[in-house]
Structure formats: C-alpha cells, structure tokens
Amino acid sequence: MSIHLIMFLFFGVVAVAGAINLLAQSHPINSALSLIAVMAALAGEFLLLGAEFVAAIQVIVYAGAIMVLFVFVIMLLNAGAEERTKGSRVAIVLGIPGMLISSVLVAWAVLHSYGNQQVFPSVLEGAPAKIANLLFHEFLLPFEVTSILILIAIMGAVVLASKPHAVQKRKEH
Amino acid sequence: MVPLSYYLVLSAILFACGVTGFLIKRNIITIFMSIELMLNGVNLSFVAFAAQWHALSGQVFVFFVMVVAAAEAAVGLAIIIAIYRARETLNVDQLNLLKL
Amino acid sequence: MPIWLFIVVSVIKSAILLFVLLTSVAYTVWLERKVVGHMQNRWGPTRVGPFGLLQPAADGIKFLFKEDLTPPHVYKPLYIAAPMIAVIFALTSIAVIPFGNSVVIHGYTIPLQVTDVNVGLLLILGVTSIGVYGVALAGWSSNNKYSLLGGLRASAQMVSYEISLGLSLVGVLIMSGSFSLRHIVEAQQGHFWGFIPRWNIFHGQIVGFFCYLIAAYAETNRIPFDLPEAETELVAGYHTEYSAMKFAMFFMAEYANMITVACVATLLFLGGWNGPIFGPYPLQVILPVIYFVAKVFVFLFIYIWVRGTLPRFRYDQLMAFGWKFLLPVAICNLIATAVAVAW
Amino acid sequence: MTPNLNLWLIPVLPLAGAAINGFFGKKSSRTAVTTIALVFCGAAFAWASVAAARFWPGDVPYQEFLAHWIRSGTFSADFAFYLDRLSLIMMLVVTGVGFLIHIYSVGYMWDDPSYYRFFCYLNLFMFFMLTLVLANNYLVMFIGWEGVGLASYLLIGFWFTKDSAAAAGKKAFIVNRIGDFGFLIGLFLLIQHFGTLNFGQVFDSVTKLPPGASTETLLTTIGILLMVGACGKSAQIPLYVWLPDAMEGPTPVSALIHAATMVTAGVYMVSRSHLIFERAPIALTVVAIIGTITAFFAATIGIAQTDIKKVLAYSTVSQLGYMFMACGVGAFSAGIFHLMTHAFFKGLLFLGAGSVIHAVGGEQDMRKMGGLRSYIPWTTLTMGIATLAIAGIPPFAGFWSKDEILYKAYQANWIYWAIGVFTAFLTSFYMFRLLFMTFAGDYRGTKVDEHGHASHTHGHAEHGHGEPHESPWVMLGPLVVLAFLSTVGGFVGLGNRFDHFLGPVFGSEFGARIAEGSSANELLLMAVSVLFALAGAVIAYILYVSKPYLPGNIAESLGGFYRAVFNKYYVDELYAKVFVNPLVKGSTRILWQGLDRKVIDNTVNDAAYGAREVSDEVRHMQSGNLRSYAGWIAAGAAVLIAYMVWQGVGR
C-alpha cells in the first residue's frame, strides 16, 4: 500500500462519511458542516492529484465563501430541524431505485473501462500560471461569459432578497 | 499510485449521495446543499481526468463549475429567502404551488 | 535528508513556532493593554511582575481555573466545537509563514518555515476564510439573540471584506509571479537608487497596502470593524455565552489572527526579512529574523494605535464602505498594476 | 472600356420613390406624393438618358456588377446589370413613356382616395420593369419578370372593392403563372445544360454547341418553353385572355403596363434570347405562327368590341402578335422597332382613351359617345394621329415599323405576309371605327350628371357636370409629346438605320439579308399594305360616318359569326369549361373535402384529442412537489445511463 493510496482512502472515507452525515442529520446546520468536511476532504484529493491551485480555490471559494453564505442563510432564517412530512411517494418509489441503478451502472462501467489504469499526478503540475494561461487564452470567451453570469446573479440576488416594500420604495425614488 | 477508477467511483458515490439527499431531504436549504455535493462529485471527476490525460482543461472546468455554483448559490439563496418570507416554511413538501 | 530527520526537524520547528506564537499572543495582549493605557493617560497593568510583565501568565491561570459554564439552552456540539475551530484555524495559518532565510546545519539546509508550499498565500487565505465558522457557529449555537446577531454580522462582514482582501493581494502576486511566500519575499530584495528598499509598498503597491490593511482589520474583527462583538450594542456579541477557557480560545484566536495578518503584510508589502545584513555567519541568520520580528511589531503597534484612536463604524456604513469604496479601489489598483506590469 | 455608368441607380430610384410613398404617402399631401413620384421617376429617366449618352455609341456591351447573390457549387448568379443597344432602347422607352404616363396620371388620378397607393405601385412597377430590362442574367430578369407581374396584379386590382377588378387581377396573375411555369422550366434546362444563367455565358455556350439533332432538340425545347413564358407575359394565344380583362385597372395603368411596357417584356425576352432561337428553327416557326395567328385573331375580335378600352386591348394583343411574327421570322430588330413605335402610339391611344373617358365622366361604351371632336379637340387631334400611326398610314411611326415587319415576313414566307396585310386592314378598320364612333357624328351620351356613378367607382364622381370637357393640361401634355413621337418616331428606321443600330446585338447576318432584297419589291409591298390600310379607313368611314345604319344590318346578316366575334369567340367560356371548372371542382372534391378536411383536419383534431387524453392522465405527474420531480428525473437518468452503458458495451 503506497502512501498515496492511504491518503486517498483517508480523504475518501472522510468525504463519504461527510456525505452520508449530510443525509443523516436532520438539522441543516449540521448538514452544512458535513458538506464543509466533504469539501475539505475533496481539497485533499485534489492535492493528491497534483492540483494544488484547484485545492486552494476549492477551500477558499467553496468552503470559505459559498458555504458561509449557506450558514448565513440558515442562521438568518433560523431554520429548525427538519419536519418529517409525508411528501412524495414517487421520490421514494422511483427516485431511489433509479439513483441506485444509475450509480451501480456507472461504477460498473467505470471499472469495466478503466480497470486498473493508474494516475501519475506528479507529471501534471496544476501551476497557477499554466491554468491562467489556459483560462485567458483558450477559455477566454467562457471566462467572459461567466463574468456576465456573475453580474446577472448579483443583480438577481439583490432584487430577490430585497424586501418587497424596499423595492417599492426604490421605485418611487 | 491510485487507479483512476477509484477516483471515479468516489466521485460517483458522492454524486449518488447528492441525488439521494435531493430525494429524501425536506428542507430546501439541505436540498440545495445536496446539489452542491453533486457538483463537488463532478469536480473530482474533472480533476481526476485532468491528471489522467495530462490536460489542464479539466482543472479549468472546475473553475467554471465553481463560478456557476457561486452564482447559483447567490440566486438560489435569495430565492429561498424570498420564499421563506412569503410562506414562512422551508419544507418543500409544503411548497407545491407554482406561485408565491 | 532522510525522511525521519525531516519529520524530526519539522516537529521541532512546529513546537518552537507554536511556543513563540502563543507567547507572542499573550504579550500582544499585554502590549495592547499597556499602550492603550498610556494613550488614555493610565498605566495599564503594573501589579504582576515588573511593568506588569507577568500579567499574561496571571490571566492564563485565571482562565484555566475559572468554572467552565455551559448554559442549558445552547446547541452543545457546536457550542463546544466553535472556539476550537476558531483557535485551530488561527494557529494553522502560521505554518506556511517564513520568518527568515535558511539555516545550514551539518550540511542540511533547513528553511526557517514549517513548510514551504507553492500556494502558501492561498493556503493562508483559505484557512482564515474557514476561521469565520468559529465565530458564526459560536453565535448561532449560543441560542441567544445577541450572539446570533454577532454571528450574522461576523459572517456577512467577513465574506464581504474577504473579496477586497484577496483583490488587494493580487497586485503583489502579479508583481512577483508566484504564490509562494518565500518567492514573494525574494522578489523584494534590492534597492532603488541604493537606499530605498525595493519593498512592494515602495514599488507601486501603496494603495494595495492600505486596502489590505483596512480589509485585514475587518477580517480580524478589530476596531473600527468590531461589530460582531460590539459591547455597547450586543453585550459581547458572539462570545456572550462563553466563559473560562472557551472564551480564552476566542481571545487567542483573535490575537493569533492579528499576528498572522501582520506577518502576511510584512511578507507581502514590507519586504519580509529583507534588510541590511552584515557580520559573521550566526549574525547573518539572526539579523533577518530580527528584521522580520521588528516589522511585525510595527504592525501590531499600528493595530493597537488604531484601536486607541478610531470609533466604531455603524453596520450600514461598514457594508457601504466595503462594497462601494474598498472593493472598487482594490479593483482599480489591480487593473493599474496589471497594466503597469504588462507595459 | 466605358466609364462606370452606375446603372443600378436607374431601377433603384423608382424603388426609393415607391418606398417613400408606400411608407409615408398615406399621411402626406397629394402634392408631396406627386413630387416624390415624379421626381424619382424623372430622375430615373434623366439618369437613363445620361447613361445612354455616356454609353454611346455602345457597340460593346457594358456590364455592371452589384453584389453576389447565389453561390452554390459551380452555379452562381449575381445582381449585375447589362447594357447593350437593345436594353438601351428598352430602358429609354420604359423610363421615357413611363415618365410621361406618370405625369398624365397626376391629372387622371387626382381625385382618387388612394392616390398615394397608385403612385407607389406605379413606381414599384418601374423598378421591376427596369430590373427586367437591365438584368445581366436570366435570374435577375426573372425577378423583374415576376415583379412586373406583381405590380400588374396590384394595379389591375387597384379598385379592389369592385369585384370585376379583383377578379381581373387574379386572372392576370394566374394566367401569367402558367407562362412563368414554362419560363422557369426553360431556365432550369439552361442551368442543367449550361450551368449558368448569365446571358453572356449562356449565349457563348449556345454558339459553341456542335450542330446536330440533339443540340437542336435541346434548344427547341428551351426556346418553346421560353416562348410559353413570353406568351403569358405578352398575351399571345392561348394565354392572351387576361389582357382584355386587365382593362379593369385605371387607364394610365393600361397605357403603361398593358400597352407600352410590360406586355412587351415577352418580345424583349425572345429578342434577348435570339441566339437560342436562331439555332432552333422549329421554335422560331412556333413563335412566328403564334404571333401571326394572334395578330389576326385578336384583330377580328377587336372589330366587334364596343368598349373603347377593350378595342384597344385587343389591338394591343394583335400588335404584339406582329412583334412575335417579326421575331419568328428572325427579324428581331423589326420586332423591337415595332415595340418602340407601338409604345408611343398605343400609349398615346390609351391615354387618349383615358382622356375621352375622363371627358364623358367614366363612360367606356363607344355607342354612348360620338361627336366629341368639338368638345375635346386636343384629344381628338392626338388620337387621330395615333390612329393614323397604328393603321400604318405614312409617314406616321406605325407605318415604318409595320412595313418593316411585313417585308421581312414576306421574305420568310408569303403566308405570313398575306395574313399580316389582312390584319393590317382589319387594324385600320377597327381603329378608324373607334375614332369615328367616338369623335364623329353627334353626341349620343346622356348629358345628365349620372355618369359619375354609372360605371366607375373612381374619382370622377366630383365632376358633376353634364357636358363632356377637355382634360387638364397635365394630361394633355403627355398626349402631345406622344403624338409628336408617334408622328416622327418612325423616321429612325428610315434606310434601315434602326436595323443597323441593333446590328451589334442581333449579328451582322441580318444586315446582309436586308441588303439583298430589292427595293422595288419592297416598295410594291409597301404600297399594297398602305392600300389595305386606306381601304380599312374608307370602309370604316362609310359604315360609321356616312351610312351609320349599315353595321347593324351587316351584323344581322352575319348572324352566328357576328355573335361569336362579339363574344370573343367564347374563348373565356371555353377555358372556364375545359380548365377552370374541372380544376375548381377537383379542388373542392379532392383537395378541400378530401385531403384538407378528411386527412389534414382529422389528423390535427385527432392529435389534439389524443394530446388531451394523454395529458389528462399525465398531468398527475405535475404535482408541484419538488421531490417527486426529482424522482422522475432520477428514474429517467437511470434509463438513459442504462441505454448508454448498453450501447457502450455493445460496441
């Protein structure tokens, strides 16, 4: 067992445990914390794969910004524990088996076609400069488009989250 | 060295957990978090493939996924706040009318 | 270097660093009380030891032996985890900070740094951004409206100012072309016209420096941005319900964060350990460390100075300042730097 | 090389006028509309004159490229213009006569409520006609060809509230489609065999084709198909029926479109394609026969018509027949010569007829006219000149061109000549009949002011006075100009000058053939045709002036034949029985009740019904519950993934 495999298993177990805990917990703040754990573990996996920059950004953006937003909203709305309401039978009858079937199929297909191919992370260095080069040359258009997406998202968020009478007031001015 | 398929299977497990969360959770915020979990699972696949094929584009894609996730979180959480204001509940089983 | 030796050296380095850090945290508290006292025409601590120098030890003992009170209505797991999260992430980030050149012992080159990672700066940013959970969760799990408001304010404030913080650093990154703190410091060696040091603050990043300074004050919840714990409004904000060692952990986290911020500012803007180096070999190793510590001290002094001078912002002023002034300035600085470097 | 002539301006100027009037005319004053229409049309004429002057002498064709249009494989068609001596004549005739008729229309249409619409259409017509004339390939020509059809349809049905006008417009449009169908197939054959529609390239390829039966068959087929198109546009047998009905349009329209310009497009197209026809003798013979028969046939109908415009319409058909006869015997330049003079005198006749109708307040029946010479002297004078011209009395324009055609026809085959001369006699007869019935004798119309409402809905209702009255000078001016042209227009053909002028276009061989004819022979033939024309005039004088009771007696004695002629040989009725009714019935039975109702409607209804039934069940899926949607999505994804895995493994 190489050190890589051990690390992989460690982070993988943390990630899966976090994901399952996300499902098991009834209080959203616990789910959020589990999700942060998953993200941190995934950052570790990224490091193993040689993607240092992606790992750092994963922590900063996902764990440090997006999840803070989630926690903030949970705190703002003072969301309590989940109620066990009778919702949809379809979700259980169709969804769960569908999900199981597809994951089994995907896992089988992946094992079938990739078998024991090894990953050599040391060859590929996710150096920020190289990624930036790619991002600002080959992917320049998508990059600019996402900037517009972000702008629209900001405006949408401001409009949606403003209280209705505040919007009304702003219109009157 | 770790086989590529391990990463892919881990990614699939995380994705499946996300889907399950979407199916069984009632709290709309938790459901939203399940979506983030799915996105994370996909990101792992991207990075693993990038390492496998020595193509940095895979990592670049992770950035795009993150940007989309951030935008989605901003708008989605704003929507959740708006819904909560109108209905005073976060339970999706009770949010089944297609209007506020 | 064999692996066992590497581990041993790392452990020793970590231990020393942790000791130094905790000590300096304690004495930063002392320094603050002393300086603010003098600013307010008081003496500050004088009773315990000469000049009150043993006051930190006395404080520590008091914290340790006080009753650790857990209110009954709190959400316990997070109530306990929150101060730990805060202090752990505050101490972690010091690991990647280099505080001097390398030492050569028995032919082995040992960098004065716990670990040198390529993306060291990003690591610090990531770890500090995780640190906000400590504050936010403490506020939420206390189940107290003052604490909750403190936690909400903290999370909103830190998410808002983190953007300006990051953008103000990008200017430096563009100039040095690396995320490694060691490289950034090495890029600042030399002088202009023989006497002005080639530090980034003198190298066009003066605006970036002040942006960073302001955003960092907000990130560490220090005056004038200490809204999360504004005692005149929120009793004590997020740590209203905390006492004894748990409270001490928040205290330590706050001061450790201050030190980290001061270290980063020194490394990025003030040339790190660069300075006039002379004398025999041991002096050549020790002098840079002294320069580094001196610069960090200046920073900490400014922190305390500001605290003794400025009043607190109102919350809406804080948000307006962050989004409508600081962020545009940081972006302009970034654009200007990029244009200058590209030219 | 000739300097850049900016030919594109010539069609585009009227288009601009049409656009401005079409978009803004409704709110503008009549003066503004008039100004726009006249200025743009006049500018086109002016620019055409300038271009002609700069192009002179123009023995080398001028081409102007404007834009790429179609680029598909090896085939290409461009927006490009082509100017040689043939299109030069056409361009000048179209812009010149068109401009005169625009001026005339100002007076004629002044009281019409849709004044701006009229000028918009008229300018639009000018645009398409000039595109047709100036095109450098068949495709651009086809645009103009279809465009003038459209303009003609719009203008015939200008008073669309009147049923007969709307029906006449439709008839013109549909009959023209039959011809266009042939034209299109001809174009397809051209593309198939030559891979281009450019005039120069097509004619190059045609001349390079090896002689032989297959070449002849191909060119004959193409020629006959092109002739079918020409038949439709130029109202030749069997597709002439739309032209008399087209007289429902305003009289200036009849003058411009259905006498002077559009109907001659077929002649122009056949002349333009002369290289194809010259190598296809059978097609050429077909052209000649159709032309001859049409000329004679239409003339006989013209004798018995009482409507002043109908007489002129059949006369137009007949004269067009002459032109085709000329083309058919290979005398293309003679055909174009007649085209030009015909544009002058027939335009004049129609405008004069319009003036007459205007004078008597909308009445078109010649039996209710008479003695108008004292009321409208200028119209009488100009109409008289035009009648002399069309009848072929020297030295008026029609004599020269008609004589040229008859001479050429005689050289080809004396039967053409015989029929042609007899037709000339008939022409002279019915034209003088028209003249005498209208202007000679005493006024037979009622002098009360009911005429305004009697037959026309257009703007003469305001002229509520009983006396016939002379038209305003804005109408008489063009009449005078055209009368002058009808008088002297023939002299350009003196001594075969016209023939020589078009020599570069139609090849020198015709010049040679002309030279070999003896002038004595020509003079004899000339004398014969003039005699016949004079005979027609004299007989008309006897019948309609000195012994006005005779025509009725003759008509009675002829009995059935007279009725047949009077009813235009029942051709319309025949067409209705043979073509139209079966088509309408078939469409009703099979297409409407069978296909449309049973197949299409039922399919649509059943689909809608099925959709309702299915969605009635399926809508239960749409519970509004987010998690159940997620369940459906997960199940669907499972199916898709299973399919993809199966596919992947199957490979």
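As written, the chains take the letters A, B, C and D, and residue 1 is the first residue of each chain.
The rule we apply is simple: contacts are C-beta pairs under 8 Å (C-beta built on N, C-alpha and C of every residue); 3 or more make two chains touch, one makes a residue touch a chain.
All figures in this text were calculated on a predicted structure; none of them were measured in a lab.
Undergrad: Which one of the chains is farthest from chain C, going by Cα centres?
TA: D
Undergrad: Just the number, please: Cα centre separation of chain B and chain C in whole Å.
TA: About 33 Å separates the centre of chain B from that of chain C.
Undergrad: Hey, how far is the Cα centre of chain A from the one of chain C, in Å?
TA: Measuring from centre to centre gives 28 Å for this pair.
Undergrad: Rounded to a whole Å, what is the gap between the Cα centroids of chain C and chain D?
TA: About 93 Å, centre to centre.
Undergrad: Which whole number of Å gives the spacing of the CA centres of chain A and chain D?
TA: Here chain A and chain D have centroids separated by 74 Å.
Undergrad: For chain D, what residues touch not just one other chain but two or more?
TA: In chain D, the residues touching two or more other chains are 623, 625, 627, 630-631, 634.
Undergrad: In chain B, which residues are in touch with two or more of the other chains?
TA: 19, 23-24, 26, 92-93
Undergrad: Applying that definition of touch, give me each pair of chains that meets it.
TA: Applying the touch rule to all chain pairs gives A-B, A-C, A-D, B-D.
Undergrad: Would you tell me which residues of chain D are touching chain B in their complex?
TA: 623-627, 630-631, 634
Undergrad: Looking at the complex, which residues from chain B come into contact with chain D?
TA: It is residues 19, 22-24, 26, 28, 31, 92-93, 95-98 of chain B that touch chain D.
Undergrad: Under the touch definition given earlier, write down the residues of chain B that touch chain A in their complex.
TA: 1-10, 12-21, 23-27, 29-30, 32-34, 36-37, 40, 43-44, 47-48, 50-52, 54, 56-57, 59-60, 62-64, 66-75, 77-82, 84-85, 90-94
Undergrad: Can you name the residues of chain A that touch chain D in the complex?
TA: So the residues of chain A in touch with chain D come to 87-99, 101-102, 105-106, 108-109, 112-113.
Undergrad: Hey, which residues of chain D end up touching chain A in the complex?
TA: My answer: residues 621, 623, 625, 627-628, 630-639, 641-642, 645, 648-649.
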